[in-house]
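The following blocks contain the structures, represented as structure tokens.
You will see two complexes here that share subunit A, one where it goes with subunit B and one where it goes with subunit C.
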Partner chain A sequence: MDKVLNKNLEEYKELLKNFINTQDERSLYKVERMSKSFIRNSVLPEEIVNLHIQAMDELYPDIANSFHHSMNFLLEAMISYGLAHQEFQLLREQQIALKSEISIAARMQETLLGTEKPNIDGLDIGVVSVPAHQMNGDYYHFLKGNDGMLGLAIADVIGKGIPAALCMSMIKYSIDSYPEESMRTNVILESLNRVVERNVESNMFITMIYAQYFPDESILRYSFAGHEPAYYFNAMKNTFEEVNTKGLVLGVLPNATYSQKELELEKDDMVIFLTDGVTECRDDGRFIKIQEVLNLIEQYKHLPAQDIVDRVFKYFEKLQDFTLRDDFTMIILKKEV
Partner chain B sequence: MTPQSFVTVYKEWDIVGARQIAREMAKELGFNVVDQARIATAVSELARNIYLYAKEGQIHYEVVETMNKKGLCVRAVDTGPGIKDISLVMQDGYSTSGGLGAGLPGVKRLMDEFDIQTKVGEGTTITTTKWVRL
Partner chain C sequence: MNLTVNVEQNKARAFVKLTGEIDVYTAPNLKEKLLPLTKIQNQVIEVDFSGVSYMDSTGLGVFVSALKSTKENSSSMRLVHLDERIYRVFRITGLIEIMDVHRAIKGGEE
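What follows is the complex of A and B.
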């Protein structure tokens, strides 16, 4: 740092002399460049004041004492700024390190929780799930049973970010350990509820849907745990109906029970599952009404399921100026034949 | 100049005296103006900590010399409450709550060497040295 300063003293002195003689903009531009190089080299403000003092002493050896003292006074006043600057620098480095750690965690989350859209006879599936920040607090998972049955889990952790993401891994590995095909949806939720209640702090809750689709019978069976209702689109009547079952969010009571309901799907019928990131989309402080979502879906109903969810997402993304406030997940199951 | 001396910090104005001795010794040792100001600020911070948290203590000054370098060693000694969590007070932005850039991390930055000994209920000794840049 001393070398940088010594090299700069001559240059600074020249610029200062020029400026005092001519008050030209050129010198000011050059000192601006110099100031940026000081910042790059972590030169502190008190050192710049000192540089100025030295330059003035050499240029005007008979300068007034009062001016000289005033400059030393200024130097003293800069010391704490210098410290604050160093502290700021360090915190900035720490922030960069944290950010990169979070992005590694986010990638790991993707790997751990990754799921593929399965091919199910006669069923068209559309999925969109976009996190508001780096880590997604929404979770969905597809399972395909031996008999061609589809298992679908959707969960939303109340509380976002890294704790939510960690919690999701627990849900996923619990589900993986179940003999899923032989379990009823409500039994799966009851079992997950016990896992969550035992392992997660009491201030974290999870809402969840578990659904199974049986292509042979065209029947969807489902259970809800405090989750946003889903919507059933009846193609024949061209109407939407709420789909829901009563049940507490996961993790509140150890022995909570859940119920199961079922729905028979006809050709072009759809079931739309969402998380509250969809209905809590805000447009200038106004909550979006679910009707607006359903109107959009109705408008795009002739499209493949993936195109529908993509278009709905694009619409809401634009509405929120491309900054999501909450994780956004929407899944559509559309009966083909 | 005596090679070793100390001031007792008890009142806020004692901080000024502590700074002044540090600056005079630093000047005599040949520290440049910037380093004189840094040493004075570090001593000011140490003395202020004594005044605020320990109520009473001393700042000791000592000229230290090795074969090839010379410096000023400042020791802040108190018999106050001590510090429970050193790593916490040494963390940036902790004592200064959001970037006033002083506190103990500031002292450490202003000086070249820094050591802290503390025991809850018994007191704290901070030893810090700055070497003259040749």
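What follows is the complex of A and C.
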């Protein structure tokens, strides 16, 4: 650092002399550039005052004593600013380290919770799930049973951030351990509720949908635990209906019970699942109404399911100036034949 | 946006008046003021939502922990004057079945 200062002493002296003699704007501009290079090289404020004292001593050896003393006084007054600056530097380094740790955690989350869209006979599936921050608090998971059945879990962990994301791994591994094909959707939720209730903090809970689609019968069976309703699009009538079952969010009461309902799908019928990130979208303080989402879907209904969800997401992303306030997840199941 | 939490306590009853938005930034302050009230045996708490324009899921989390705490400490909590949007959140999550929640309706209270 001394080297930087010595190298700069001559230049600083020159600029200062110039400015004292001519009040030339260019010297000011140059010293401003110099100060930027000081910041880059972590030069402390008191070191700059010291540089100034040295330069003045060399330029005007017979300068008034009182001025000389005042500068040493100023030097002392700057010391706390120097300490604050050092602290700021340290925090900045720590923040960079933290950011990289979170991005490792986010990558781990992707690996741990990764799920692939399965091929199910006669069913077209579209998925979009975008986190508002690095870690996603929304979660979905597909399972494919031996008999061609599709299992679908969608969840939103309340109590955001890293603990929420970790909580999702717990849900996923619990589901993986179930003999899922032989379990009813409501029984799966009851069992998950007990796991969650025992293992999460009191202000954390999970809203969830568990659904199973049986291609042989074209029947969707489902249970809801405090989650946003889904929507059933009846292609023949060209209408949307709310789909849900009553049930408490997971993690609040140990003995909560859930119910199951079912829906028979015909050709081109769709079921649209969402998280509240979709309905909590705010456009200039105005909330997006669900009707707006459904109108868009209706407009794109002839497209493949993936194209529909992509277009709906792009529309709302644009409305919100590309900054999501909440994680956004939408899944569409569309019956092909 | 801020949230003011105004607590008035007389004997076994506490009135909590909320004004503003309950979100991830303001929820910690709410929790800090609400939770200690639920820990007082037999305390009856009434939370007035008439000044609340928005509540996100973090806010809901605060009321869930408060609810759990009332059960452990035999205190009770009642939420009143919720606007439609906030009431809907309690309805969808199934919490109205286990909590004492009342929405605001024109000319009075449900």
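Assorted remarks:
Note that the second predicted complex is superposed on the first by the 337 of 337 C-alpha atoms of A that agree within 3 Å, B and C clash if a C-alpha of one lies under 4 Å from a C-alpha of the other, contacts with A are read in each partner's own complex, and residues count from 1 in each chain.
Note that a contact is a pair of C-beta atoms (placed from the backbone, for glycine too) under 8 Å apart; a residue touches a chain by one contact, two chains touch by 3 or more.
Keep in mind that what you see is a predicted model, and the values were worked out from it rather than measured.
With subunit A as the common reference, the superposed partners subunit B and subunit C fit together side by side. In the superposed pair of complexes, A:Glu46 makes contact with subunit B only, with no contact to subunit C. By the document's definition of touching, neither partner reaches A:Ile20: not subunit B, not subunit C.
Once chain A of one complex is fitted onto chain A of the other, the partner contacts of A:Ile219 are absent, as it touches neither subunit B nor subunit C.
Partner contacting the larger number of subunit A residues, of subunit B and subunit C: C. Within the superposed three-chain model, A:Leu248 lies in touch with subunit C and out of touch with subunit B [touch as defined at top].
The superposition-derived angle at subunit A (between subunit B and subunit C) is 80°, Cα centres, a multiple of 10. In the superposed pair of complexes, A:Glu76 makes contact with subunit B only, with no contact to subunit C. Of the two partner chains, subunit C is the only one that A:Ser202 touches; subunit B does not reach it.
When both complexes are overlaid on chain A, the residue A:Leu112 reaches neither subunit B nor subunit C. Nowhere in the superposition do the C-alpha atoms of subunit B and subunit C come closer than 18 Å. Subunit A uses no single residue to touch subunit B in one structure and subunit C in the other.
By the touch criterion stated above, subunit C contacts subunit A in their complex at residues 24, 31, 56-58, 60-62, 64-65, 67-69, 85, 92-95, 97-98. Across the complex, subunit B meets subunit A through its residues 32-34, 37-38, 40-41, 92-93, 96, 99-102, 105-106, 109-110, 133.
On the subunit A side of its complex with subunit C, the touching residues are 156, 158-160, 201-205, 207, 225-229, 246-249, 252-253, 256, 276, 280, 287, 326. Contact residues of subunit A toward subunit B in the complex are 2, 46-47, 50, 53, 72, 75-76, 79-88, 90-91.
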